[in-house]
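To keep things simple, chains are lettered A, B, C and D as they appear, and every chain counts its residues starting from 1.
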Amino acid sequence: MSSASGAATAAGTKPKLAIYWAASCGGCEISILGIDTKILDVAAAFELVMCPCIMDGKVRDIEQLEDGAIAVCLFNGSIRNSEQEYMAQLLRRKSKVLVAFGSCAHEGCIPGLANLHDKQAIFENSYQETESTENPQRVRPQTATTVPEGTLHLPVFYDTVRTLDQTVDVDYYLPGCPPESPKIWEAIQAIVAGNLPPKGTVIGSDTTVCDDCKRIRNVKKVKQFKRTWEIIPDPEICLLEQGLLCCGIATRAGCGALCPQVNSPCIGCYGPNNDVHDFGARLMSAVASVIDADNPKDINAIISQGIPDPVGTFYRFGLAGSLLRRSKRPAGSDGGH
Amino acid sequence: MKYAYYPGCSLESGSAAYDVSVRAVMQCLGAQLDELDDWNCCGATEYFTQHELVALSVIARNLALVDKQYDQLVAPCAACFLNLKKTDKLMADDPKLKAHVNEALGAGGLSYKPGTVRVRHLLDVLYTDIGENKLRQMTKRPLAGLRIAPYYGCQVVRPLNGFDNTEYPMKMDELFTWLGAEVVDYPVKAHCCGGHMTQISEPQAFELIRRLLQSAQDYKADVIVCICPMCQLNLDAYQSRVNSEFDKSFNLPVLFLTQLVGIALGLDWKKVGIGKEIVSAEPVLRQRLLSGAGA
Amino acid sequence: MSQTNFEPKIVGFLCNWCSYRAADLAGIARITHAPNVRIVRVMCSGRVDPTFVLKALSLGADGVMIAGCHPGECHYVDQNYKAMRRYHLLKHTLHAMGVEPDRVRLVWASAAEGQQLAEAIDGLVADVKKLGPLGWSQNWEENGERLHALEEIINEHAEAMEVHA
Amino acid sequence: MAEKVGVYVCHCGSNIAGKVNVEEVAKWAGENLQDVAVSRDYKFMCSSLGQKMIEDDIRGEGLTRVVVAACSPHLHEKTFRRACTNAGLNPYLLDMTNIREHCSWVHRDMDSATLKAKSLVSAAVSRVKFQEPLEPTYVDVNPATLVIGGGIAGLQATLELADAGYHVYLVERSPSIGGHMAQFDKTFPTLDCSACILTPKMSEAGQHENVTLLTYSEIESVKGSVGNFEVKVRKKARRVDYDACTGCGICIEKCPRKVVDTEFEAGLGFRKAIYTPFPQAVPRVPVIDADSCIWFQRQKCRACEKLCPTDAIKFDQEDETLTLNVGNIILATGWKPFECRDIPQYGYGRLANVYTSLEFERLCNAAGPTNGKIVLRDGKTEPQSVAIIHCVGSRDVRHNEYCSGICCMASLKFGHLVLEKTKANVYSFYIDMRTNQKGYEEFYQRLLEEGMHFVRGKVSEITDAARMPNEQGKLIIQCEDTLMGRQRRIPVDMVVLMGALEPQSDAKEMGLKCGISCSMQGFFTERHPKLDPVATMTDGIFVAGACQGPKDIPASVAQGAAAAARVQGMITKGKVMVEPVVAKINEEACSGCRICNNICPYNAIEYDAERGVSHIITALCKGCGTCVSACPASVISGAHFSDQQIDAEIEGVLWDVIRPKSAVVSAN
């Protein structure tokens, strides 16, 4: 552990930048490219030491760096297997600043929805039950295979997807699925200028999507929740008031209210606002408060009819990062110990 | 509108007029009644005094027989209605009883989950499902001028009937005003007709029957209307005995609800079973409803 | 932990005006009840954020009770209706997450209903006892394969790491 | 900046120490809980020595937070807050946890009670560190008072306050004050003439220099809070100039339109289209009922206008809205009679000679439609027998479960009046005879001696279906006489149904306007049923009379006076403290989603459309915290019950099951 080169050190050795992906879709990398020609500024400011998406980098090269040698690591993707966990630990050690980049690293995102199942169920589905699968021998991925040359390893697949900060210590968070390019550029600029907020900060706005949404808002009372295909919403009026479960009320601003702009309710990809511990719980609390019914029967009718998939609705992006993190595993399932 | 139909034993025999008129009226109103296949007797009141579990199982068998495509079972007889409804409720309230009854049903390969079938009395269906608008629209021959004494009896007004005031029912009264009749709001409309007392103690039974006939006559009713075969039987068949016992000269025809509804809908009198009653209704119906022209 | 001596840990969120006073009354009247519910006072059941419930469960509580004034008798006019709506939505979600419905319960108790509150506490404790411990954080644990696999990778890469670590 | 927490565990003699190992709890807290600087146990923390111990430690040890584990905070929170204040510590930096009512008194086993006590102390220590110093605010009390409802309870309250020198606005929705009492003939058990004792009070209120009478007026809205309410009152158009009218009554005399008076005369008598409800009405200014006035119906007539000597008739008068500023409000909105038609087997509305109790009051009243003669509906026949049926709609699970309280005594009064005025036999059909106030039981004895018949049993039916010759043409009461153990049929000529006293049909609405709640039955809920019977949970709003529950005249008067006394106390004090436990919106971060806008029953949350943010009017906020937990962006904070404080409390209360964060992040 030593004083490696920081963002603003001597000329000649440019600070090192790493971009890594764990369980993710690659959208975050695309969004980085979305900063357009400014990518040249990034190239001028940093030496890119790792980015599996666009360049051939070797883990060994990273391992051989001194601890803290990387100035900034933008880590996207959640942690779903042992290799990803190893890379998270490695990059943590080698980086001065580790940024949970994008929704997957930040709060689990879509991969995190797998936490409604466990490894066995996922394997059963992926390697057996899907229509296109033919697997009469019931072959499953093995973590170790012996070949004449020795033993080959595959990463161990976990029961539970974890966020980056459930795995290693994280310095900053950049929300969004993916983070919007202008926000990425702002963050990079802040890093280059050494103008960093306190550790643990989610870099972004501290209001919610409603702040950017131009729709007319009124007092809310919801008698019926509607699915998006059921109505053509009025383009002028708050979508929630029209019965669409728009997550914009609870979702951190930063996207510019892209979805509501095109008549589609916010699905919450920017995650919770500051001080919210559990995005889904907060959203549930807010939405339930304005249900227009006063007895359990009517309330339940409104809920069960309008919100058939509550986890997918309230925890679409945040299940792994939520307080409960996952669904209850069946008794006797292979956990712990 | 589609219902499973439970006629009950009486409607197959003494009260055939009720059965034919129910079917004719419902068809005319566009409601489909499909008779329950292989139904059995509801046990009336007798089974319950013998063995409650057996009685409930016998009744529950009918509920178990209702095909999945029906969620409602209609009974025109007040006693059948009460028994079916009561069984459903008792099974829902008492899991042990439910298990016992289902054990019994199991012997015949059946089972019943309480709450799956909604038991309805025919009056409720006419009043609520068909409703005022439709009945008024469909009325071809208003019952204007006919003074009707609706008689509810004691079975349909039990607390769980779910559609009418249990102390002083009014739904049939209202229904007949829609059809243009003059309804007699007489005080004994939910008093007992004597039921099976005619077989046990005639003096008691006849006194009960007398009170009903007397009150209806005091209020100048032309005709009494029933929704229960037992009531109709007692008031109609024993009327002459009551007359001789009490030195009276009651001459009050006693018809079923659907017979008069049928007439108002313009159905053929024969088709709704007019003429099957003992105290003939024809004279007063002719006098009040027709000016000479035959039906 | 064996079922027989399992003593559930339950967090109870009680409103200041009715249910907390009902618990006070149960005390004054010496109505004994199970010691498993640990009470957190809030001003109104409407203050109970579903987050509190999830937090308690995730930290290791085996059950949660939310108690408020009877509907129509809320000290704050009708805020307990909001608690009711939130509770039902939360239950809907908890069901989807596999949490047994008997672990989280909404109870109404007026300030005069010490007996009823004590019974509700005993009822909830008995039901949670039947269900056994929840031990939520154990849900997150991976089996031994995980540590083994990490060791394998580290061993494999040890050579490289030693050079510069 | 670690806090220094002092923990004080009370023995409460043996009340706590008998079931909780108090020493162990204190020792454990001192050794195991973070930031605990002092942890002590003491026999009686609430004693002056106990308080002194805390004060000394605050000064000597420099405590920054205090936790007292003792009885319910509802009992002694104020005591310990005062101790903190004395020692210079902000009182809101104290947390009290209840290890007596919630622990030692209700658990059998010492070990489990001790464990629970530890959890509660752990929670308090964990929470108290996040508590913030708060300052209560004080507001001036406007000395004017609003009384809603001009029945006897409201009148009493009005006069007490006005006589004490304070201004009162008395709002009544009907054209005259007086309420139900004005309809009665006699009052039980003394048989005073109702009008004789009521009308002096009415005219006093009408003429009092400190009273502003607003009859024929309705409350539109109530805003503000204790000390400073702003009330909007709609004065319905009387169509008579209040100031010009002398009350001469020519207009009433000459009005050609006569209608059935369903209000004051309970449908037994008539009134004109322009009318005062009764001759002694206060004010004597009549009103024109547009629904029956010939001019409003057919654009003809205007006789009253032509004949009025002072040109007081104003056909074009319209409703007027007034704004009143008052410091306190007394609700005395009274009751409404049960709808006897809802029990059809009793025949009301169908059998002519079945009466309601209010109808019968009018029948007995010398100023009533029969000049006080008790006669049947035909207007001439005196009944030979009268049945009085108790508990009609009361003590009946199908209607109202409660006892209406006054009907037994009113029945006895009716019995006496019938026996006095006619030769009829009187039967009372009762479930239980309830005569438990001063002079009531004696009145019952008197009626027994006067020969009233009492039948104990619930009437099943009232019918005109005769069975026996002696029943012909009579109303037959069918009931079970539970003392004789048999069914009885008693033929009578007249039946009086003692209908239940029910809350006004708009009581809930009125409650909402004033921010107070109603019981399940719909009566206003008092702050405490025994110890605070006229205050409500909303400061500055008081209740009196039958709007709080069925009541007779003496009890209504007592409550009216009590409410007035409470209001005088507020006025004399001059200032009221406002608890600083309120919610606050961080307007910088508010996105104006408006979820919180209709959550507050006190309308304390306003939306500023221009800035696109919501904000809280602190004076209106009661601190329930519902908006705090509803805010999806977590930008509303609740003082003294913040997310942080409650989170910490949850963590503290689960101290023995929480696994360290490291254990669940990377171990295993």
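Please note the rule applied: a residue touches a chain if its C-beta (ideal position, glycine included) is under 8 Å from a C-beta of that chain, and two chains touch if they have at least 3 such contacts.
Not measured: the values here are computed from a predicted model.
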* Taking contacts as defined above, which has more of them, C-D or A-D? -> C-D
* To do: Could you put a whole-Å number on the gap between the CA centroids of subunit C and subunit D?
  => 36
* Asked: When the C-alpha atoms of subunit A and subunit D are each averaged to a single point, how far apart are the two points in Å?
  -> 53
* With chain centres taken as the means of their Cα atoms, state the distance from subunit B to subunit D in Å. => 48
* To do: Measure off the straight-line distance from the CA centroid of subunit A to the CA centroid of subunit C, and report it in whole Å.
  => 28
* **Residues of subunit D whose C-beta touches two or more other chains** => 599, 626, 629-630, 643, 647, 668
* Which subunit A residues sit where two or more other chains touch them? -> 276-277, 282, 285, 287, 289, 336-337
* To do: Spell out, as numbers or ranges, the residues of subunit B touching 2 or more other chains.
  => none
* Asked: Considering every pair of chains, which are in touch?
  -> A-C, A-D, B-D, C-D
* To do: In the complex, go through subunit D and note every residue touching subunit B.
  => 343-345, 347, 350, 461, 463-465, 467
* **subunit C - residues contacting subunit D, complex** => 7, 9, 11, 17, 20-21, 23-28, 30-33, 35, 38-44, 46-49, 51-52, 55-56, 59-61, 70, 72-79, 82-83, 86, 112, 118, 137, 140-142, 146-147
* Residues of subunit B defined as touching subunit D within the complex -> 165, 167-168, 170, 185-188, 191, 211, 214-215, 218
* **Sites on subunit D touched by subunit C in the complex** => 72-74, 98, 100-103, 105-109, 112-113, 115-116, 119-120, 123, 511-512, 515-520, 525, 529, 537, 581, 599, 601-602, 622-626, 628-630, 638, 641, 643, 646-647, 649-651, 653-654, 656-659, 664, 668
* Partner subunit A, residues of subunit D touching it in the complex -> 588-595, 597-599, 612, 626, 629-635, 643, 647, 665-666, 668
